[in-house]
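Given below, in the form of structure tokens, are the structures.
Both of the next two complexes hold chain A, though its partner changes from chain B to chain C.
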Partner chain A sequence: MKKRILKGKTMRNLEGSLFILPWLLGFMAFLAFPLLFSLYMSFHNVKVLPFQMKYDYVGFKYFKSILFESSALYDSIIPFFQEAIVMIPVILVFSLLIAILLNQKLRGRMLFRAIFFLPVIFSTGYVLTEFVNQGEGSLGFLERYELSSYLNMVLGDSSWTNPIKQVLNRFVLVLWFSGVQIILFLAGRQTISASAYESARIDGASPWEVFWKITLPAMSPFILLNLIYTVVDLFTYPFNPIMDLIGNGQGSYGYNSALVWIYFMIIIIFLSVVLLFYVRLSRNRSGARR
Partner chain B sequence: MKVDMRLQGKRLVYRFEDWLAAVRRIDRTQIVIIIGLTLLSAFMLLPLVYLFNHAFKPLHELLLFPPTFIVNEPTMQNFTDLMALTQTTFIPVSRYIFNSVIVTVLATAGMVFTGSLCAYPLSKHKFPGGNWFFGAIMVSLLFATEVISIPRYVVVQSLGIMNTYLGHVLPMIALPVGVFLLKQFMDQVPNELLEAAKIDGASEVKIFLRIVLPLVTPAMATITIIAFQTAWGNAETSTLFMQDDAMKTLPFYMGTLTSNLANSVARQGAAAAGALIMFLPSLIIFLIYQRKFIATMAHSGIK
Partner chain C sequence: MSTKLDLVKSKWTLKRGLGRKLGMKNKVRKVRYALLGREINNGLVFKLFLYAIFLSTSYIYIQPVLKMVVKMLMNGKDIIDPTVTWIPSTLYMGHLSAAWEVLKYEKSVIISIIVALLVAVFHCISCGFAGYAFARLEFPFKRIAFVLLLVAFIIPPQVVVLPSILAYRWAGLDNSLVSLVIPALFGFGVKGSLFVIIYRQFFMTQPRELEEAAKIDGASAIKFYLKVMFPLAKPAIIVVFLFSFVWTWNDTYMPRMFLGGAEDVPLAVQMSRLGQSLDNLMKASEMPAYLAEPIKMAASFLTILPPLLLYLFAQRYFVESVERTGLVE
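After this line comes the complex of A and B, so read on.
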């Protein structure tokens, strides 16, 4: 038996730190340090010499040239943002809906669950890479499955053809992006006890009211979680246009690092706007309930 | 015999009637939901069907535009092509597979283990700087590792783990998504439960292993899949940190098969077969873990 020399609290803190330590070391070495290093590089002109790297300080030169002297960043980022703003709410609402449906007592719901979780292994892995490789860099789903020609046949060339195609194209993307979100929502939904629903039913609440008054408020930590996850997932997706721009980097190391950090600042701003909006919204809701 | 047949027929009829009754018991909204979900599932399964069919297409079907969905004349040609291709390379493909298996197992275990260890104090211990640390994790979430490959190269080089398995595994270990998800889930575990365990004299390790981990099984299963995906599909560490060809992994090798598509049409088929082979382990892991995703949450006593 080990003698207890330390006070309980110190002991606990020590144990906590020991728990964190292995991950922290990896984090420091392979994420935190490289990130700071790339920040350093973004202010320098990096030259690769045979046995070393040489860094010449250039100040904000790269930042200036990316932000003010070319439109390459804006050309790819603005359409991407438009798409993201449409897609994020759609992904969240869709996955919440599916999660609630999958929580119902249905015939064959285990099968449905398995199928709807499948995108977890599409979106992060090799499969979509393969898709993108074979589809000339886009997820041209409609063309691939000849749906496009069917659509043309059915709709003729009315003005509706294009919007419908767009929506369908997005829709499939939404499906494939929502695997993890559905799991998180479903797990969240199951933390709500059945007794809350039962008492609501006894009090004569309609399903609609139950959803707004019980399900949604209880799910709000998970909505926040999913919101962040979705934003991060979309913005760090290897095939999004900005990542492409960074990856293809014709510029020097310093230039690319500056691009990375500018992109990062943009994501941070976007994420904080979204979070602010979310907090405001949920505070209003909880204020209204009281 | 005849009586037997009749009996069996009767039984079938009964069974059918039972089934009909069961179907009738499902109300209309359920039917609508099931039909809706079935339609959506069809969309969900498309990539899977495509992938499987693609691997068995003969060359003239592979190159059709627009690509077809279902294979017309299935053939094993692509797989034999792939085998033939692998025989021409200097290093046998089994070496790549071996490397991949080792790296994936080590890295997945490492990511899940260190990630859950780290998430627990972050969620349940209040210690100075904890919020800042979590903030740092959130920030690092926003960077894809692809964009910081050069500094990572410098780190790996100075640690002297180039061309070793450690060079594959260590850079992948810190998976911010994992800590982030697990921490959010552990926040939902009631503190009273942990207090009770502490009063009963359970050590931190015991609380972690016996109480917290079982309660966040869905998150653990999700993380395991994500970690597996990350490790199995990762060609980055091979490209950057391994100069020795014998230390590279399967995704890198598959990448080299597809990368010179422009000058070799014939490799299309082998690439499609390779894609299927790359995908199968993911599918298997997924099928093993998918039940765990949500199975335990309902009976966990959370809330």
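After this line comes the complex of A and C, so read on.
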């Protein structure tokens, strides 16, 4: 009897392994191996000879020269970070708002949904950069209402003035980045049962309260997912300044690998800070409700 | 007698006045309901507000596309003329045909279609297997494998691209289109791990009774998956297919890295090459902007036209599927 149960379990394990095997092989070939290899290269001076590669160990030389001996990394990464920190909440709030509104019963909402998914098609491509260069990204309302002098007054001379102005100036671009987020929120909104809203209505809750007490808490896993997605998307966007730096780096394999690894570490640190912040925030909120 | 009659009369008028007042109240309430609704979210005011937001946002999304189409159909005179903003005086096809030629459109569009189609189909199949395993099956080190999946999701492709180039060169696949397709066969490639996650979330929402019934019937997992679960996953398949196709179509990073200076490249790469060379020409002021811009617009239009058509065709299924995927638990 025991043997048969054991056999059933190994059988199931075997079947499961069969399903996951291709993916694991792919992981080894397309991720684990290149990841480790690029780590290896970052400690070596790689020379490309006609028929082979030559690796000379150089230790932390590249890491040192990137981190301490030149400012190229910091010059492009700090403004980018500031912009990202302003952009991420804007994207999340905007897409949450649009998703909730799109969920309302409304004539023609299917048409609107179709339009609102358009960014998914454009937002990954070169075409979007074209639009941005065309100046479609700016609404020009900073100039029109002389907001920028006001911003200068409020923010003074701090280094945050520029990124905030940038994001406001390219507000449309921010909207273009929210396509997938709207979809995820919309899918998430479907998971909240209608009965929760009905009982809240019977209890006489105002829509405002319903939003804060029902919609937002139920959406919080999706907010987390979108947060991660947005960060990953912004940081791996092929046209961001760090990508340029990597692309036109000094051409040496070792140097580029070190640069990329530093960037990867920065992303991980940034993600964990963001997650920590998110956990803090949601814990505070749930504490306040109790 | 008369006093009594007066009394009755006054009562009568009182009643009528009251009645009229009540009627007024009813009317006011009716108007209020019509405007604000019984609940805030079905009144007229709220609907107008919704339409206002949707229309302005739609305008933001559609305007650049329209502008692109308009600009590429204008001739040089219209573009310089500041009085012509939206409607060109004549339909000029020169830019379109110029862009067609520079992009080598017939060739690169076929390459793009083949690559994107293969990648999308492979993603639908391979990510489905992995997603099902993560959602429902048991295998050793499942937790670690899931962490690996998340790692795969957040790793920027730039980290792994250099060794991949070397590996492809070692395998003799450099500058070959095969290098773009192979990773998809294993569930990698452009945002592959996201698709695994989408499948996983979908399969998690399916009732467990299905599997128990299959187990009693003695069906093997693979048979059950192919016969029951995979056909059930239609919403997830549609979402994955569309995302994968479009993102692979638009991707310029991987092809630029893997294909280098190859002759036969996908459309998006041709487009970015064209854009860059036009930029250089403009910087060297060998070509005025009013000549270069419309060609760029025409090329952009030609580049996004096929995925746009696919989307227009598939969007009804797509929009429905998004709701039913249960993308996350």
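The rule is short, and it goes like this: the second predicted complex is superposed on the first by the 237 of 290 C-alpha atoms of A that agree within 3 Å, B and C clash if a C-alpha of one lies under 4 Å from a C-alpha of the other, contacts with A are read in each partner's own complex, and residues count from 1 in each chain.
In this text, contacts are C-beta pairs under 8 Å (C-beta built on N, C-alpha and C of every residue); 3 or more make two chains touch, one makes a residue touch a chain.
Treat the numbers as computed from the prediction; the structure is a model and nothing was measured.
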Chain A as common anchor, with chain B and chain C clashing or fitting: clash
Touching partner for A:S193 - first (chain B), second (chain C), both, neither: first
First, second, both or neither for A:F117, with chain B first and chain C second: both
Which superposed partner A:R201 touches (first chain B, second chain C, both, neither): second
First, second, both or neither for A:L216, with chain B first and chain C second: neither
Which superposed partner A:A72 touches (first chain B, second chain C, both, neither): neither
Which superposed partner A:N13 touches (first chain B, second chain C, both, neither): both
Chain C-contacting residues of chain A that also contact chain B: 12-13, 15-17, 19-20, 22-24, 26-27, 29-31, 33-35, 37-38, 41, 53, 98, 101-102, 104, 106, 110, 112-122, 124-127, 130-131, 134, 172, 175-176, 183-184, 186-187, 190-191, 221, 225, 228-229, 232, 235-236, 238, 243, 246, 253, 256, 260, 264, 267-268, 271
Partner chain A, residues of chain B touching it in the complex: 26, 30, 33-34, 36-37, 40-41, 43-48, 50-51, 66-69, 113-115, 117-118, 120-122, 125, 127, 133, 136-148, 150-152, 154-155, 159, 170-171, 173-174, 176-177, 179-181, 184-185, 187-188, 204-205, 208, 218-219, 222, 225-226, 229-230, 232-233, 251, 254, 258, 275, 278-279, 282-283, 285-287, 290-291, 293-294, 297-298, 302-303
Residues of chain A that touch chain C when the two form their complex: 9, 12-13, 15-20, 22-27, 29-31, 33-35, 37-38, 41, 53, 98, 101-102, 104-106, 110, 112-122, 124-127, 130-131, 134, 136, 172, 175-176, 183-184, 186-188, 190-191, 201, 206-207, 221-222, 225, 228-229, 232, 235-236, 238, 243, 246, 253, 256-257, 260-261, 263-264, 267-268, 271
Chain A - residues contacting chain B, complex: 12-13, 15-17, 19-20, 22-24, 26-27, 29-35, 37-38, 41, 53, 98, 101-102, 104, 106-108, 110, 112-122, 124-131, 133-134, 143-146, 148-149, 171-172, 175-176, 180, 183-184, 186-187, 190-193, 221, 225, 228-229, 232, 235-236, 238, 243, 246-247, 253, 256, 260, 264, 267-268, 271
Parts of chain C lying in touch with chain A, wherever the complex brings them together: 39-42, 47, 50-51, 53-54, 57-58, 60-65, 67-68, 126, 129-130, 132-134, 137-140, 142, 145, 148, 151-164, 166-167, 183, 185-188, 194, 196, 220-222, 225, 243, 246-247, 249-253, 268, 271-272, 275, 293, 296-297, 300, 303-304, 307-308, 311, 315-316, 318-319, 322-329
